[in-house]
Amino acid sequence: MKRRNAASVKIGIVDTMFARVDMASFAIDEIQKKFPGAKIVRSTVPGVKDLAIGCVLLDEKEKPDALLALGMVGGAKIDAQCGHEASIGIQIAKLRLKKHIVEVFVHEREGADEADLYSIFEDRTRKHAVNAVLLASNPSELSKFAGRGKRQGRADAGQMAPAPKKSR
Amino acid sequence: MKRRNAASVKIGIVDTMFARVDMASFAIDEIQKKFPGAKIVRSTVPGVKDLAIGCVLLDEKEKPDALLALGMVGGAKIDAQCGHEASIGIQIAKLRLKKHIVEVFVHEREGADEADLYSIFEDRTRKHAVNAVLLASNPSELSKFAGRGKRQGRADAGQMAPAPKKSR
Amino acid sequence: MKRRNAASVKIGIVDTMFARVDMASFAIDEIQKKFPGAKIVRSTVPGVKDLAIGCVLLDEKEKPDALLALGMVGGAKIDAQCGHEASIGIQIAKLRLKKHIVEVFVHEREGADEADLYSIFEDRTRKHAVNAVLLASNPSELSKFAGRGKRQGRADAGQMAPAPKKSR
Amino acid sequence: MKRRNAASVKIGIVDTMFARVDMASFAIDEIQKKFPGAKIVRSTVPGVKDLAIGCVLLDEKEKPDALLALGMVGGAKIDAQCGHEASIGIQIAKLRLKKHIVEVFVHEREGADEADLYSIFEDRTRKHAVNAVLLASNPSELSKFAGRGKRQGRADAGQMAPAPKKSR
Amino acid sequence: MKRRNAASVKIGIVDTMFARVDMASFAIDEIQKKFPGAKIVRSTVPGVKDLAIGCVLLDEKEKPDALLALGMVGGAKIDAQCGHEASIGIQIAKLRLKKHIVEVFVHEREGADEADLYSIFEDRTRKHAVNAVLLASNPSELSKFAGRGKRQGRADAGQMAPAPKKSR
């Protein structure tokens, strides 16, 4: 993967018809605001299990510098397993493409209520959209936040205080 | 994957002897009605664990533009694990073929009763048959429904209302 | 995979020392009775986790047209996980060989009693032995039974009755 | 894999620092006693998750005919998952090497007490060491015990009695 | 993998923004103290699921002799599954790179309290940093501790006493 300037970076977005929120619109809005020169390419698949191959096919056609795989995992027990299988597919797809595919999954059960769930969708997608651009353009930027308890979807957990030194 | 006109698309269908409903007949009927020029090729395997390799072998012989893997996951606990293993195989098969294999699995326990289960079989298979044709021919069509809570097997869940804006 | 006449088909059988029933003997007997000209090659491995590589090595040496992987999954909780790992290995092996490996696993806990368990061993192995030959020689034969609720190990579940049509 | 005479076979052993028993010493002792001409090569990794790559690296350097992956899975819940991930890695490693890697895992919870656990370590490792040599040199030897309920770690379960014939 | 002198070894470290402790700083400090000539290269990714591809990309750019994948698995149920998927990705990445990637995962629930958790982070990372250097430079050093119940994160479990010999 060649590193590119954030302004000239090309991000591939694959999202789903299954999700109950238009996740791609958050990602596109965030990238356009923060990185106005970045190019965005996009495709849509039925559900999370189609994301891995969707990323591979979008990559074949558009050669983005990094990808975002956006999906919702439904609340039923079967859905949790589907999400797991989808994630394994995405792990393998990343290694085949030798590119970052930032997986942005929101589980329907994560939210305390609908408004909370919606805000998780928006917050997680926006933050990971920035991560995808930085991974493709300026990855050393992320090292500034290494071990800082960064969260997507919620407020950051923050860094733990060091334990008082015991004699070792 | 080259994009094709829906009228000239070739869809591979692999189904199973294990399923208690003739899922392929729904898929074939739906494709023939909606996309009269589409070509369909088909093979049958014993059960869901044979679908991944069944798709690869059908692809080798017939070179379809996209595939449908149709199967039923039985109600016993062992069956759930088989379905999981089958899905992992299908994830890997997609990445090897670099083609969409739309997985249409119905879990025997999903239905409230036999009539409900039957209608899940029909609805899910028909809708995903359309998805497979569109993915192979006109994938931008799917982006119109991105984030709209589309469901196969049941009525659509629909899109969530945006959360009222909090100060961020 | 080239299709062959069932009479000249070559089937690879890999079984285990762990199983408490000589599964291979059922498979061999069934194939010899139903497809007298078929050739059988065979090897044995310690347990189910050795089946995937056992199939690959037998394939390398003997180039069968399709394989049977015969194993028993023990009744302990650890055994269930071993069976799962073995199945994932077999999924990957099939895709590497581009051949059907019909997995015939019997779970020690499936049987109501020892006699029932034994009959599952015999019934499942014999039926899948026929499936393996047909997949390698005459796969369209299987499509006659698509969606018919065929079972191996037990009596067939049969096909579901269509749901009464509701207005859609 | 070329078959070799047991006397000239070369076995690769990879064990771990995590295990609480020196499993490799059992394997080495057993092989040296039963197959005096066999050559043994060996390396050690931190824990079970390092075994798959440890086997691949030992293979690259020493080209053994078959390998033994020796490890202990700890008693904590997290450890069970680690063992599962390790086993998946080993499944994939076998298919890449096209060689048997006999996985000898002992779960810390298997033992009724410490003495029982220790005897499982010894019995399972010794028996699988013999299996590894035979798989690499004389695999048809294993077929003599096909379906006989062979166990490693415990006494053999033995073969089930055939079910009384019912009219089929 | 060529073995190198510990003094000239090059270690790749990939850590995450998600972790609540700066794990890389422990690894860097430990390696610099114990192996002053060793070279360290480093990158940071958002979370554990990005570690496998992060290692592959760092390897492509820097060609380290071995890698450390440092991450925290959160306390929620979803996080446990993410950790599992991350580990599978790392297993596959190791086999693709043919290099050791020492996975250093700390589960947020492991600690009895915050101070305990912090000490697990430090102890596990420091010990595995040494392991990574030795695996890349002097792996026979690890064989001295084979089967000794070595632990990272806690005190060593130690070696089990042999069982009193029963007549076999």
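In this document, chain identifiers A, B, C, D and E correspond to the written order of the chains, with residue numbering beginning at 1 in each.
Methods note: a contact is a pair of C-beta atoms (placed from the backbone, for glycine too) under 8 Å apart; a residue touches a chain by one contact, two chains touch by 3 or more.
Quick caveat, the model's predicted, so the values are computed rather than measured.
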Which chains lie in contact with each of chain B and chain C?
-> none
For chain D, the least number of touch steps when starting out from chain A | 2
Inter-copy rotation, chain C to chain D, in degrees (Cα atoms; steps of 5) | 70
Euclidean distance of C-alpha centroids - chain B vs chain D, Å = 40
Whole-Å distance, C-alpha centre of chain A to that of chain E, is 25
Overlap residues in chain E, where contacts from two or more other chains coincide = 84, 88, 92
In graph terms, with chains as vertices and touches as edges, which category applies: line, ring, star, complete, or other?
-> ring
Touching chain C in the complex: which residues of chain B?
-> 15-25, 42-46, 49-50, 52-54, 56-57, 60, 78, 81-82, 84-86, 88-89, 92-93, 96, 114-119, 121-122
Per the touch rule, the chain B residues reaching chain A in their complex are 1, 80, 83-84, 87-88, 91-92, 94-95, 98-103, 107, 110, 128, 131, 135, 139-140, 142-143, 145-152, 157-164, 166
